[in-house]
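In what follows, subunit A forms one complex with subunit B and a second complex with subunit C.
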Partner chain A sequence: MNGEIETQINLKPSEMLLHLGPQHPLQPGPFLLDLVLEGETVKDATLEMGFIHKGIEKILENRTYLQCIPITDRMCYLASISNNEVFCSGVESLMGIEPTERAKYIRTIMLELTRIQSHLLGIGEYATDIGFLSMFLWMIREREPIISLLEMVTGARLNHSFVRFGGVAYDLPAGFKEKTLRTLNEIRKKVEKHDEIMSRDSVYLKRTKGVGVLSRKAAMELGVAGPAMRGSGVDYDIRKVDPYLLYPDLDFKVITAPNGDVFDRVKVRLSEILESIYIIEQCIDMIPGGPFKQGYNPYLIKPKPGEVYSRVEDPRGEMGMYIVSDGTFKPYRVKVRGPAFATMQALPPLLKGAYMADNAAIASSMDSCTSEVDR
Partner chain B sequence: MDYIQLAFDLLGNPWIRGVVGLIVVGVIFFSAIVMVWLERKFLGDIQTRPGPNRVGGRFGLLQLVADAIKLFTKEDIVPENADKPVHAGGPIVALTSAFLMAVAVPYGVVSFEGSEYLLAVTTMDISALYVEAVAAVSIIALFMAGWGSNNKYSLLGAFRNIARMLGYEVPLGLAVLSVAVMAQSLDFVQIVSRQEQLAWFIFMQPLGFIVFGVALLADLGRIPFDQIEAEEELIAGVFTEYSSMRWGFAFFAEYLHAIVGACLVVILFLGGWSGLPFLGTLFIPPVLWFVGKVFVVIMVMIWIRGALPRVRIDQVTDLGWKVLFPYSLINLVWAAAVAMVVS
Partner chain C sequence: MNTTGELTLNMLKEKFQVTEMRVESPNRVWARIAPDKILAIAKFLSNELEFDHLSSIAGADYGEALEAVYQITAYSHGIVLTLKAKVPKSNPVIDSLTPVYWNAAWYEREAYELLGISFRGNPNLAPLVLPAEMMGEYPLRKDYKGYPNPT
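Take a look at the complex of A and B:
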């Protein structure tokens, strides 16, 4: 059937080529992993991406700046507010404006809520991939109130298109503060409980400790980003390295873990949820009054010619956009630097020598988003 | 006694026997359906979701009927390059082995006019050994399914199945042997009556109970030991290429094995249909005792499924050879010593 490829890579008689994908229950979206298996051990792995290329960068060149915002949502539906933020903050610095004080608070809160729900779903998907369906459903249950909060503010559950140049689309609705504080309190308790399960359950520990170890050096060389990198002990977070919005004034820790195995990557995500809750609780009491957006006509945005690289800390790591303006209504060129692709390309070296059964644990502990990779 | 005589006369008639046989098969099928429903509902409770709640009222009682209709009407797809007889044979052999196991399991006794009648399809001197042997056939069935499908994922599942069988049939057999040593018989009826005389074997050999329980879970291929059809690793493992009622057969066989496995736990370690000693004055028919205990064992199995992630295949075989096997040997020595002291 696959004779052509198999003769090309000269398999030994004891080896087998297994195409994991493009459609497989393990995967968050289509990608192809060609695994050379000997028994249950992976001898070699090749990664192929690009099955759902959407051409988002090209589409952005053909839209006015305002029209671009909904397109950036579609890069990854779990991080749409971060994607909005990175585009809008780039355009803002091209235009030479700053978001209003109130908008800064709202954007910070929304970004952290996005991080919480993305991490919850990421951990949940990872839990199903190691056969722990109950944990997945518990995580979905915990995620639902966060989605409701986001919906309460933005009117949408996934693709929010919420951030605007110099502000946000809508003001916070009445009762948002109380509802948020109540929800976050509950979620903190539940996440702590899940954290306890995930650090004590012996079967779980056996599956994850020492599996898929990404060394500190390899993580930096491969450009792995976000929780996956911090799980390898690299203390790198855009919120600290290149602070934006309110982050310079906020009190929060960058969560790291030393070992770089599956357990640590997931542990970092769980702890980051708690840290994000802490950040929101700091902000929400201090939201100032005033306008939530700058008073200008969004349909007539025309930044001065120039170029800018803006970056934010996505739930998955460093999300950067390089925007070139030629002084017209449309961006001349937008280049996206997504975190998920960097995380994905760490997979083949990690999978080499792993067990077939560990594929699932390793691949999903990286929490990469195929949609964003193939933007 | 006339009624009894009449009943035996009637059973001599092949037609009546056939009808009784169909009823027994129906009961076994029905219990599998009940178990599927229970599993869905109870797992739903664990996972904070309602479970089936549309077909057949609030509790989704008819969900399985809807599923069966769906399975019957789906297209039957056989891969072009499959080894067709072997592919077709897999689920049938699995289902057959489940029924052959169920045949030897006694469900209780009925007292009638001073004498006791055993409720079982058939009795034999070596029923424990027989059930073990027939259970092993299902492993061949899974291998047939994996091999005949001509699919790499299925093949990996089939290999895992064999690796697991090698690791777990031995401790499972040794645990049954320990029970046989203590009961001085391989006959289920004798084993139960011995437990009525002494004590339930879970108290006489707790280690044996644990070894048997873990090995049985592994043998049944339920989470945390469902590596042969681990969805996120092997799509559906040995059953990747099955659809329609072929898959339905495999699915049913799995649940029948689980039920017969629960029956075995009850008979070998939980005193079969004998009641709790301190409830001796309370009259509950033996059959109800048996069904109640099986129910409890099945619920524990579902609970384990909801509470644990999947173990990796090499850890499974490690557990079988390095932990359960030595423990089952220790338990065998212990059982022999206790049996000598008691007798």
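Take a look at the complex of A and C:
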């Protein structure tokens, strides 16, 4: 965030500088995108971040392990259970414990529900950006029952603070299984229908096919995360590469698409919703009985000195957390590696050479989250 | 080439005289390296072994020294190799990894403004998330008291 971009670049007479942001009605969080334009073509792009920097890494150093869990929610409200999971699984391996078998099932189901609702909102926001407002409203309509399911278990709609060390905060309520299966069934039908609309609408195809192409090689080099990476044909998914919880035993595919354009990135998200529904349906029939958390006093968590790097597959991609414990009640250092950070970093090179009109489509097809970049 | 964590560590040991290393679990290994060897090691890892993905760069404050912590992994396997390099707080300079891993740029900028580790060779080592006037405050250091008022 240095603010004086005009003085840093020398514009040619045929070029102009355009500021997009930091406040823009379509953006969920503020960031400033400076574009150097020549005619309609983007010559250069610069991102400025930090308008909502919250200092979460510093805050976590000053909280006990239990108090850290609600703070990790606030990194990105769309992925709060993933954020809980990456922190708690890290602390669990520092303590040398494992979640109970029942808790593993509950956590896997909750993670997949989070993925579904995040992808639905991600596609919705992207649809508004390209002027497809009905798709946004449909997506919000589809997302609501998922949020209700999450609320039914965790008691909160967005910031759940649900995962605990060695388990979860609450057990599943009565009737959860029936309601989930019913809801997922409906959502599957609707998502399939939206998929069909999106792959047949000629205006939509013109806006998205072949736009903002990120080749397989470039995606790996730029290190983008999640659906943006898989949309370029790289089958990189932490659930397969570095499995955690139940994922080694589950049957699911890593969704990829070959072309790396805007269309493919969104297509990957839509197909991942269907895959997540399939994962939940596998788990929900097999939930074992038993305790849903280990009998630790969460107020007295004190891992032995050491450090860990834990990774999970957030809805947006690879989420990592590096936790250093010095043997006290508070973590010594926590570093978050967010997927949105990695994806956002790759945006300026991707925008170079694109048309100004395609900007919104390209930028929002990456589905980044400013709040998480500016932890 | 299929590399297991232990094999990688042994290769590093032979080639770069790394002394302190440990296998935490099959997928997590770490090694402490001399700060002046980081670029050579990263080149070796990405060119000769399959470590083609930099997951993150963290910094940590340990009183007299700052530590740069690199999590290097790959798209094809789940082994995370953690490289740790201590630099003295009086002269915290270390080579940038941007020639090897493009995405190191922002992680280095973040470690630079929040902890004051300076990365030699980074093409644009400007503050990323902090305002320009907070440069030099280094909020993630343990002796940080608050800005603008130490409250």
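We adopt the following convention: the second predicted complex is superposed on the first by the 366 of 375 C-alpha atoms of A that agree within 3 Å, B and C clash if a C-alpha of one lies under 4 Å from a C-alpha of the other, contacts with A are read in each partner's own complex, and residues count from 1 in each chain.
Definition applied: a contact is a pair of C-beta atoms (placed from the backbone, for glycine too) under 8 Å apart; a residue touches a chain by one contact, two chains touch by 3 or more.
All values derive from a computational prediction rather than experimental measurement.
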item	value
Subunit B versus subunit C as contact partner of A:39, first or second or both or neither	first
First (subunit B), second (subunit C), both or neither touched by A:173	neither
Touching partner for A:155 - first (subunit B), second (subunit C), both, neither	neither
Which superposed partner A:137 touches (first subunit B, second subunit C, both, neither)	first
Contacts of A:333 with subunit B and subunit C, given as first, second, both or neither	second
Touching partner for A:346 - first (subunit B), second (subunit C), both, neither	second
First, second, both or neither for A:360, with subunit B first and subunit C second	first
Footprint overlap on subunit A, comparing subunit B with subunit C	1
List of subunit A residues in touch with subunit C within their complex	1-3, 49-50, 53, 55, 57-58, 93, 220-223, 234, 236, 238, 241-243, 307-309, 311, 318, 320, 322, 324, 332-333, 335, 337, 341-342, 345-346, 373-374
Touch list for subunit B against partner subunit A, complex	43, 46-49, 81, 152-153, 156, 159-160, 223-224, 226-227, 230-233, 235, 306-315
Residues on subunit C engaged by subunit A in the complex (per definition of touch)	24-25, 27-28, 30, 52-56, 58-61, 69, 71, 75-78, 80, 82, 101-103, 105-106, 114, 126-132, 139-140, 144
In the complex, subunit A residues that touch subunit B	1, 16, 18, 24-26, 37, 39-40, 127-135, 137-138, 141, 201, 203-204, 206-207, 355-360, 364
